[in-house]
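Below you'll find the structure, written out as structure tokens, and then a few comments.
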Amino acid sequence: MWELIGIWLAALLTLCIFSFLYRDNPFYRFAEHLFVGVSVGYGIVLTVHQGLIPFAWNPLRDAFTQQQWIGLVKIIPICIGALFFARLFPAHGWLIRYPIAILIGVGSGLAIPNVMRADIFEQVLGTLTPFAQIHAGELDPFQIFGAILMLLGVISTLTYFFFSVEHRGVVGGVSKIGIVFLMIGFGSAFGNTVMGRVSLLIQRVDFLLADWLHLI
Amino acid sequence: MIEKLMNIDRRIVFILVGLAVIIPSLLSVSFPITVSQPTRSTYDYIESLPTGSTLMIGFNYGPSSLAELHPMAEAVIHHCFQQKVRVIGMTLLPDGATLGDDMLRKVADETGAIYGEDYVYLGFRPGATQVLLGMGTAIDSVFEADYAKTPLAEIPMMADITNYEQIDLVLDLASGSSTEWWIVYTNTRYNQQIAAGVTGVIVSQMYPYLQTKQLIGLMPGLLGAAEYEKLIGRPAKGTEGMSIQSFAHLLVVGLVILGNIAFFIQRRQAE
Amino acid sequence: MKGPRTFCSSPVIQGLVLLVVVLGYAANAFAQEATTIEDAQWFDTNKIWIFLAVLLYSATVVYCIYHARSGKELFIRRIPGLEAVDEAIGRATEMGRSIMYILGLGGVSNVATIASMNILSQVAQKTADYETPLRVPCNDPIVMNVVREMVRTAYLNEGRPDAYNEENIFFLTESQFAYAAGVDGMMVREEPAAVFLQGSFFAESLILAETGNSIGAIQIAGTDKEHQLPFFIAACDYTLIGEELYAASAYLSREPMLLGSLKGQDYGKVMIFGAIVIGVILELFGITWLTTFFQRVN
Amino acid sequence: MRRQVPLILCFAFGIVMALTEFSPHRFSQWLNKEVIDWTLVIGPFALVLAIATLIQTHWTRIRRRSEYWQYSFLVFIGMIVMVVIGIPLGQRHPVFVWLFRYVQVPMDATMFSLLAFFIASAAYRAFRARTLEATLLLAAALIVMIGNAPVGDLIWNTIIPFGDNLPSAARQWILDNPNLSARRGIILGISLGVISQSIRIILGIERSYLGGVEGD
């Protein structure tokens, strides 16, 4: 019974959203506002159950019930977090800079070593590897061509992102080649995404035709 | 006329897209599928496993990517049960927990596989990388019990499985960066063989790993599912979906070509 | 901003002193419990090269910023798309319509979001003069707060605090597609003349950009998420590609700190360039120490 | 207090996170994890701001009878229903699961599936061979799209006598080669930007997050 009501409700909401394709209309506005409300509500529930309870409440509770006093450390972040309430009192609004500064500091600190390793070192290594294979004689001529093209692509795209030199002469020429690679890259990524997006539509159509209308 | 064609109302395009998906869905037409090498290697690997081997599947996708990855999961699990390869399911995403459970149970019902002997579902544990590292020492150090809260010690299938050493292949079904975690934490560290099935959008990110053989196989989105279905000779949602895909792709290609013809005629006229 | 060199004086040194005291004390307590060698090791020697690379690069960037602050004019190449910012604002003013500025889904520590906020503050200075409404629907509550302060400051700097309306910068929802649904609805109802899409975007990028296009708004996009760039390029009038987004805030504000840092980034590119070229040559001769070096750190 | 303390906090947390990433010592690892847990406690408090402004925005709309003010009630209804059920009963409660499955998921999935329509209309409008760059974009997209659809190979193999399955092979090559090298170039540039920004933030050179440069 509840499942049937659910399917009907889901189908109607699905159609409400699809109606946006025609133009803005009361059905879309209905779904849109409901969606915003529900998603905020869901966000609050998720934050409480997956953020505050396991990371703040549980350690504090354990501190008192099981004498794991280390859990009391959590009082510090709770107090820092509570500074966000300062925003509600205009005179002390600047206090929210404290938690923001900490969040930004942590984010930046984590980014430095990880980006250096995962992105820069890995990508440079990835560009060099095929040349080791060329030396070892593992690649056929077509693959060697691919490796050289890759090298040209990486270097020219990188040149396109030079900002402190004017793009004239050699630099200008190489950065033009970079644009060529960028455009081919973007085109292929676009084309490759079509499949994923159509899959999503197929799934919605399948829901409407099979689960709701039982046509297939 | 040409002017009109150039600036066609987008709603006409929308209707065409809708029809290109709805009509083939109703008619259920199908096209032959060519199997790509990365999908074939995954299949071959599982095909070559002796009876009683173990495959671990990570259901690392949420409801929004279900359309692409569920069919793939279905095909691979079918293949495993046919081959008498045992399956351990798990997930690193809270959203994936119910999806994996549903899928394993569905295929088990169809094939008659028995829970606890042919497959086990461990569910979700938070802390992705810690979970992956923890299973390297002992699976029950992370999952002391399965999804239904039965202790692993009481599950017959888990008696001879302690850690990655007894797992012949990990298949990660991913809509995010979980495959990279598997590669960094289990392939590099424990030398675990890994294959992946990922959504169409992140496929190209995975090619470098295939090149370096950190992945033994790779299945791209719905197409991967269709290819796998062809290999095991059991067409299902993937094959059906790909045929619909063909129409949608032809439509988009046709529209782009049409737009360009109109554009060239217009330019010729202007000259 | 006080003097050009205040940054190394107080906060950093005070922070350091505080750190050393607190950490030293706590570490001492832990050192006694260590059981394995790895547990007691203070530095992962495998990572020393990453550490050195970070140091070298940091030093370069900081040096360039110092240099830029000494007052020397720094060149920065033209960034296509940024000329259109004035055009977009002008058009909105002429038509008497609003401008919508979308910062994407990134949190406040996200680099793209920060770059986007810097651009927003430049845009706000211009709209303040013309009294063009600047609407900013936010996806992240903290970002919303920072943006409110930044825009208010921008209006203040232009001497138009009266034109600032806090209600134009508001929180919508954190959910990706509910946010897209809400912004789409607002776009078709309010019909802004210009839409800025700058920051960190995911799958919603095309939903927003296509709707913006359908209402005929002039759209200037920019993101460092390379997956979403194709869609912006297809659906928007101008697109800042990847690092151009970071450079844009320097280009618009002409602030020495940002210009210097951009110069430092260019030196970083030269280093990568060098590593790749030398690496390729060495590999071709069968000398593998550079690849082994890059491999070791993983 | 208003500027110095946030800058100190940002520096201290940033440096700690960056350095502990390099250190396998037990204490460093504990500290690293603990601070990340802290941010998980601090972050959720920001939701207070969100809810406050959301209520304020929609309440103002209702009070002023702005256009479409009636819909603002839907936002409140959606939010309140989710919170009232989700917080006391938990995320696994059947009623909450039902709401999630039949209200939130269908709207989410449908909104996502709109992309199938938008990607087609964007392709139609934007992929015109106006310039060399646009032509490359267009060509790469077409090749990948044809290669992605099974029917592409089928048509090719029946019409053209050579190069079996050329469309899917060409697609693969484009994705592996020009696409990958363009992405590498972009990623390398972005990574350098991310690191330099993080350094500026930690050292207190970049202060925009404090909300404008002025206003001590």
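Points to keep in mind about this one:
For reference, chains read A, B, C and D in written order, and residue numbers begin at 1 within each chain.
Convention: a contact is a pair of C-beta atoms (placed from the backbone, for glycine too) under 8 Å apart; a residue touches a chain by one contact, two chains touch by 3 or more.
Keep in mind it's a predicted model, so treat the numbers as computed, not measured.
Set side by side, the interfaces A-B and A-C show unequal numbers of C-beta pairs in contact, with more at A-C. With chains reduced to the mean position of their C-alpha atoms, the one farthest from subunit C is B.
Between the Cα centres of subunit B and subunit D there is a gap of 22 Å. One simple way to say how far apart two chains are is to compare their mean CA positions; for subunit C and subunit D this gives 14 Å. Multi-chain contact residues of subunit A (touching two or more other chains): 17, 20-21, 29, 31-32, 35-36, 38-40, 42-43, 87, 96, 100, 103-104, 106-108, 111-113, 116, 120, 124, 126-127, 129, 151, 154-155, 158, 161, 182, 186-190, 192-195, 198, 200-201, 203.
Residue positions of subunit B with contacts to 2 or more other chains are 10, 14, 17, 21, 64, 200-201, 203-204, 208, 211, 223, 245, 248-249, 252.
The multi-chain contact residues of subunit C, meaning those touching 2 or more other chains, are 47, 50-51, 54, 57, 108-109, 111, 142, 145-146, 172-175, 177-178, 181, 189, 203, 210, 226-227, 229-231, 233-234, 241-243, 265, 269, 272, 298.
Note for the complex: subunit A touches subunit C at residues 17, 20, 23-24, 28-29, 31-32, 35-36, 38-40, 42-43, 87, 96, 100, 103-104, 106-108, 111-113, 116-117, 120-122, 124-125, 127-129, 131-132, 134-135, 151, 154-155, 158, 161-167, 182, 186-187, 189-190, 193.
Contacts from subunit B toward subunit A in the complex involve residues 11, 14, 17, 21-22, 25-26, 28, 64, 66-68, 94, 126, 199-201, 203-204, 208, 211-212, 221-223, 241, 244-245, 248-249, 252.
Here subunit A touches subunit B in the complex through residues 21-22, 50, 54, 126, 129, 188-189, 192-196, 198-203, 205-206, 209, 215-216, going by the rule given at the top.
Across the complex, subunit A is touched by residues 2, 5-7, 9-18, 21-22, 34-52, 54, 68, 71-72, 74-83, 86-87, 90-91, 96, 98-117, 119-120, 123, 132-134, 136-145, 148-149, 171, 173-192, 194-195, 197-199, 201-202, 209-211 of subunit D.
Only residues 47, 50-51, 53-54, 57, 74-77, 79, 107-111, 142, 145-146, 172-175, 177-178, 181-182, 184-185, 188-189, 226-227, 229-231, 233-234, 241-244, 247, 250, 262-263, 265-266, 269, 272-273, 275-277, 279-280, 283-286, 288, 290-291, 294-295, 297-298 of subunit C touch subunit A when the two sit together in their complex.
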